[in-house]
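Pasting the structures here.
In the two complexes below, chain A is the common chain; its partner is chain B in one and chain C in the other.
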Partner chain A sequence: MLRQLSARFGGPLAAAILVLLGIWLIVMVTLPQLQMIDYSLRPNLLPDQRGGLEDGWTLANYATLFANDIHRTIFFKTLWSSVLVTLLTLAVSYPLAWYLAKVATPRQAALCILLLIIPFWINEILRTYSWFIILAFRGPLNEVLMMLGLIDRPIRFLSGDAGVMVGMVYAYILFMVFPVYNAIESLDDNQVRAARDLGAGTLRTHRRIVIPHAKPGIATGCIMTFMLAAGSYAVPALLGSPGSRWFTQIIYNWFFEGGNWNQGAAYAFLLLVLCIGFMSLVMRIFRVGLGDIAK
Partner chain B sequence: MDGSVRLEEVVMRFGDFTAIDETSLAIGSGEFFSFLGPSGCGKTTLLNIVSGFLTPSAGQVYIGGAPMAGVPVNRRPTAMIFQNLALFPLMMVFENIEFGLEVRGIDRRTRRETAERLLALVALEGVGPRRVTELSGGQKQRVAIARALAVEPRVLLLDEPLSALDLKLRQHMRSELKAIQRKTGITFIYITHDQGEALTMSDRVAVMSAGRLQQVADPMTLYRQPATGFVAAFVGENNRLEGRVIDRQGERVRLDAGALGELMGRTGPEVTLANGTPAALYVRPEQLRPVEGQAAAPTLVARVEAVSFEGAWVMVATRLEGSGEVLRVQLGNEVSRRYADALTPGQRLTLGFDPADAVVLPLDGSPRLDAATGEVVAGADA
Partner chain C sequence: MSSRTLMALALRGYVVVFFAYLFLPLAIMAAATFNDSRFPTVTPWDGTTLRWFGELAADGAMWQALGNSLLVAAGVLLLAVPIGIATALFLNSVSSRAKPFLYALILSPLLTPGVIIGISTLIFWRQWGVGGGVFLTVLGQATFIAAYVMLMVTARLQRFDRTLERAALDLGASPWQAFRRILLPFLKPAILSAAVIAFLQSFENYNTTLFVVGYDTTLTVYIASKVRTGLTPAVNALGLILILVTVLLAVAYEVKRRREAVAPPR
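Let's look at the complex of A and B:
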């Protein structure tokens, strides 16, 4: 790699690139993670107790989660809700990606992609707030539904999981649409035509030809959406109710309200490890390798 | 099982561009029918209209006597073999062949039996459990045929399926395709720009150019009695000599070719050639031969420019002394040995041909081909 780099950029620049890469990986990625692991393995002590008798590595912080019923429930509920968010986002994104890749003319596709991207020029918090307004009890969505006569009294979208779901699907839709779109786009049109020609209807063509081909893209989109959803803070904080608390909110509370960074670090680390484990499991079930995703 | 195909006044327009001009054509059940033409002539469009991927702007397609308007691709009794084959790369060979049967809800065992039988038909026993990506080009070709035959189409549509293969394999697959067609009795509609494929396999060939049928005939007629200048130039190799009609007696036409003098050729009864109108005489390189002494028919005097040995014959490029045009002459090895001295660049050669072997056609405005490259150079020669 060094030889290739120096052939392309010359020795000094190649060295500089490698050093910067090294600094980034070690100082900005590895060390903070190691520090967090270190935090999570130590008890929460007052400053003057640090380095004292009670200071030492312990798994007590990790045990808290397994001892606390409420936290454990919220943890699994977060995983489950993230799965739901991922599936919903896929359900919305797949037809859109298919349309963009195979149906739309280049002009239509460009316009559609632009319309998808423009809202993302705005900060995530602001976008989420706009959903807060739209979904409010006396908000425009309820108004419209009442005007159309579909409902006789306003619905409390924000009191259950619905608000969080809508907000998250919207927040992460691009992370799903683009990988799926890329994957579908690389499918030879003749594959679809051949399936049609052999008698397959729309559903079977997608199930047997398009989806298997797009699997790596779908997996990439699902992994990104799932990880983002499980680690999301803003959306559940703004659109959620006490009944739809996210695990990230508990981590936040340990850090900034409980003042217990050690406990928070342990929870954050557990979330990371379990999410990675969960993703590997799903990837194994769907027979998707890391190599497929990097494509 | 009636696999006849009939096109009735079919027109295909894309915006302002007319891809297919009003075309009517009847293809018999069990016929091996080819559409031959240069790229962009509309032959693939026509195939897509028959398969249902395109809806004609006007006109009607009948398959087995039934009108196909409103019948979607997946409900037509046709199957297509794509130019790039479009095998499903994620499926094994069996799954590819069984796909069409799976769609039709046929049970697993019958599907497998059919697949085995078809693999035997295309001489590929035992490759069923392999992935299509592991197969060679020729094997993939056969799997594509088997996959299309599995749905028992009445009409098999083939879109230049041999174009990706090497020369030897391509020639081998020609006879194989023809054999499969004979065995199954299915109507084959074959699209190609390769006249060798069209002539060797087909019962009849439609030569197409610029969205129009130029001639529909059996290969022999196409070669011996081209109906238009385009067909004469596109099918086989032809020397083209322009002139004006002097007179015509039955099939025999005399032509005043200016500096080349008087030429004689033959024409069909349906061709109109009034005295004095411009016409072209087409004489194939293999019809020309050196003559000595007095000849009964008109002769051409040319200078040898290049001689290329082609194995079974020798191709001599000469330049006509009268007009400066290139005249290509194909000589058998025996003749070329006899004239070895004359066949060196710069030598003068007197060439004759039997007027019955040369075709005279009016300059009808059909597209013209570049003699050297075989590409269409002009929309009209009028």
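Let's look at the complex of A and C:
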């Protein structure tokens, strides 16, 4: 590798490239992850107990999740809610992606994409906070619903999982729109036209032509959205309540309130396994590789 | 009316609703800034005021958090941009059997939840006695932002005509001269765009930052803590300012990017 690099860039630059890459992949990416796993496998000991009799690898920190009903429930709730957020986001994004890629004129599409990018660049915290205002007990949504006579009393939107999920769809939607749009855009218009000429209806055209072609984009969008939803701290912290905690909040508490980093590391690793598991599943279902995802 | 026209109309209606959904929340948040109410809301409207901007400007903690955010972003730029460029050059020049594995490793920070990057960084540096703070925040954020930089530089690198480089070498340029005078100028637009994205990613990051920031505060951490304790419309004033800055940056960035897309690559 060094030979190929120095043939192109010369020795010093090749060395600099390898040093930077090494620092990143070893010191910033790999070693911290390994250290986290090591931590998760050790008991939480006082400094003077380290290296003593009790110090050794154990799965006790992982067993905690299965022994603790509340934590286990929250773990699975986080899993299902994130799947639901992912599916909702896909359902909301797909028609827009289709419109942008195949229906809109180039000028319309360019304008729409600019309009999409603007909220995308705005802070996740601020995007979530805007829903905090809308969903508040005496906020505009309740006022409008009461004015329309749909409800008699304001609803506490901010005390359940529904508020969190609405906020997540809003916060992560563009991670779905863009990959799906890019994938649909590369579809040859003639294929759609041919399907129509041969008598396929709208639904059939999408099911048999557009969706199969857009698979890599759909897979990428789903993987990103799920990862962001399951790993979100901001949205549940702002829009949730103590009754609708997210798994990331449990992890946070182990670190900064429980003071048990080993336990926190085990939970963090479980969250990572969850995300990797979802990713592998999606990649298998859609038959796509890692190369398709980074496009 | 045929069913196809009906579908087309429905789709257009959907697009309008979608953009309303995208912008209405932000508009409501912005409007609440000007409501003379102790709590940020638009219902009821208690009169129009500008006083929340004044309250925001008088908040020393906010200025401190802003300073930290800028400091962190500067550190991330210094670290993530060179790493991202180096990685893109590496992937573009090397063919080896280890490459698929390395590529997976390089992409992994993008597919890892931000909280986990924060946690692993925090744990790793504890053994060297480095606790949470601005320094760890830079390291944690740069870990995944470098991957974004790599993707953006790679995209442009793939359009590079390597015969130019070979011609320079044949004409007697040193590899460093060929890099400095041929490849680097070609990559410059992508590097600048990547720097803008890296800055914004850093500035708006919350999930990773939360775990590595220690007792320091960045602007996002400040906003989140304000929302949970001591919420006033001053937060909206800050939000409105950030949105305006972001919109200006986004439009400038897009205009620049499109100009480049129209102009043929040199």
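Just so we're on the same page, the second predicted complex is superposed on the first by the 265 of 295 C-alpha atoms of A that agree within 3 Å, B and C clash if a C-alpha of one lies under 4 Å from a C-alpha of the other, contacts with A are read in each partner's own complex, and residues count from 1 in each chain.
As a convention for this text, a residue touches a chain if its C-beta (ideal position, glycine included) is under 8 Å from a C-beta of that chain, and two chains touch if they have at least 3 such contacts.
If you're wondering where the values come from, they're calculated on a predicted model, not measured in any experiment.
Q: Between chain B and chain C, positioned on chain A by superposition, is the outcome a clash or a fit?
A: In the superposition, chain B and chain C stay clear of each other.
Q: Of the two partners chain B and chain C, which one touches more residues belonging to chain A?
A: Partner touching more chain A residues in the overlay: C.
Q: Quick check for you: in the superposed arrangement, does A:Arg50 touch first (chain B), second (chain C), both or neither?
A: neither
Q: Which partner chains sit in contact with A:Ile209 here, chain B, chain C, both or neither? Use first/second/both/neither.
A: In the superposition, A:Ile209 contacts chain B only.
Q: When the two structures are overlaid on chain A, which partner does A:Asp188 contact: first (chain B), second (chain C), both, or neither?
A: first
Q: Figure out whether A:Arg284 sits in contact with chain B (first) or chain C (second), or with both, or with neither.
A: Neither chain B nor chain C is touched by A:Arg284.
Q: For A:Gly199, decide between first (touching chain B), second (touching chain C), both and neither.
A: Touch partner of A:Gly199: chain B, not chain C.
Q: Chain B to chain C: minimum CA distance in the overlay, Å?
A: So the smallest C-alpha gap separating chain B from chain C comes to 7 Å.
Q: Which residues would you name on chain A as touching chain B in one complex and chain C in the other?
A: In chain A, positions 201 sit in both the chain B and chain C interfaces.
Q: Would you pull the chain C residues touching chain A in the complex into a rising list?
A: Touching chain A: residues 3-4, 7-8, 11-12, 14-15, 18-19, 21-23, 25-26, 28-29, 32, 40-43, 82-83, 86-87, 89-90, 93-96, 98, 100, 102-117, 119-124, 126-127, 139, 142-143, 146, 151, 165, 174-176, 179, 200, 203-204, 206-207, 210-211, 220, 223-224, 227-228, 235-236, 239, 242-243, 246-247, 249-251, 254, 258 of chain C.
Q: Under the stated contact criterion, what part of chain B meets chain A in this complex?
A: 51, 53, 72-75, 78-80, 82-84, 86-88, 90, 99-100, 103-104, 147-148, 150-151
Q: For the complex, which residues does chain A have touching chain B?
A: Touching chain B: residues 188, 190-191, 193-201, 204, 208-209, 212-213 of chain A.
Q: What residues on chain A touch chain C, complex-wise?
A: Those residues of chain A that touch chain C are 1, 4-10, 12-13, 16-18, 20-21, 23-25, 28-33, 35-36, 39, 92, 95-96, 98-99, 103, 110, 112, 114-119, 121-127, 129-134, 136, 138-140, 143, 170, 173, 201-202, 223, 227-228, 230-234, 237-238, 248, 251-252, 255, 261, 264-265, 268, 271-272, 275-276, 279, 290-291, 293-294.
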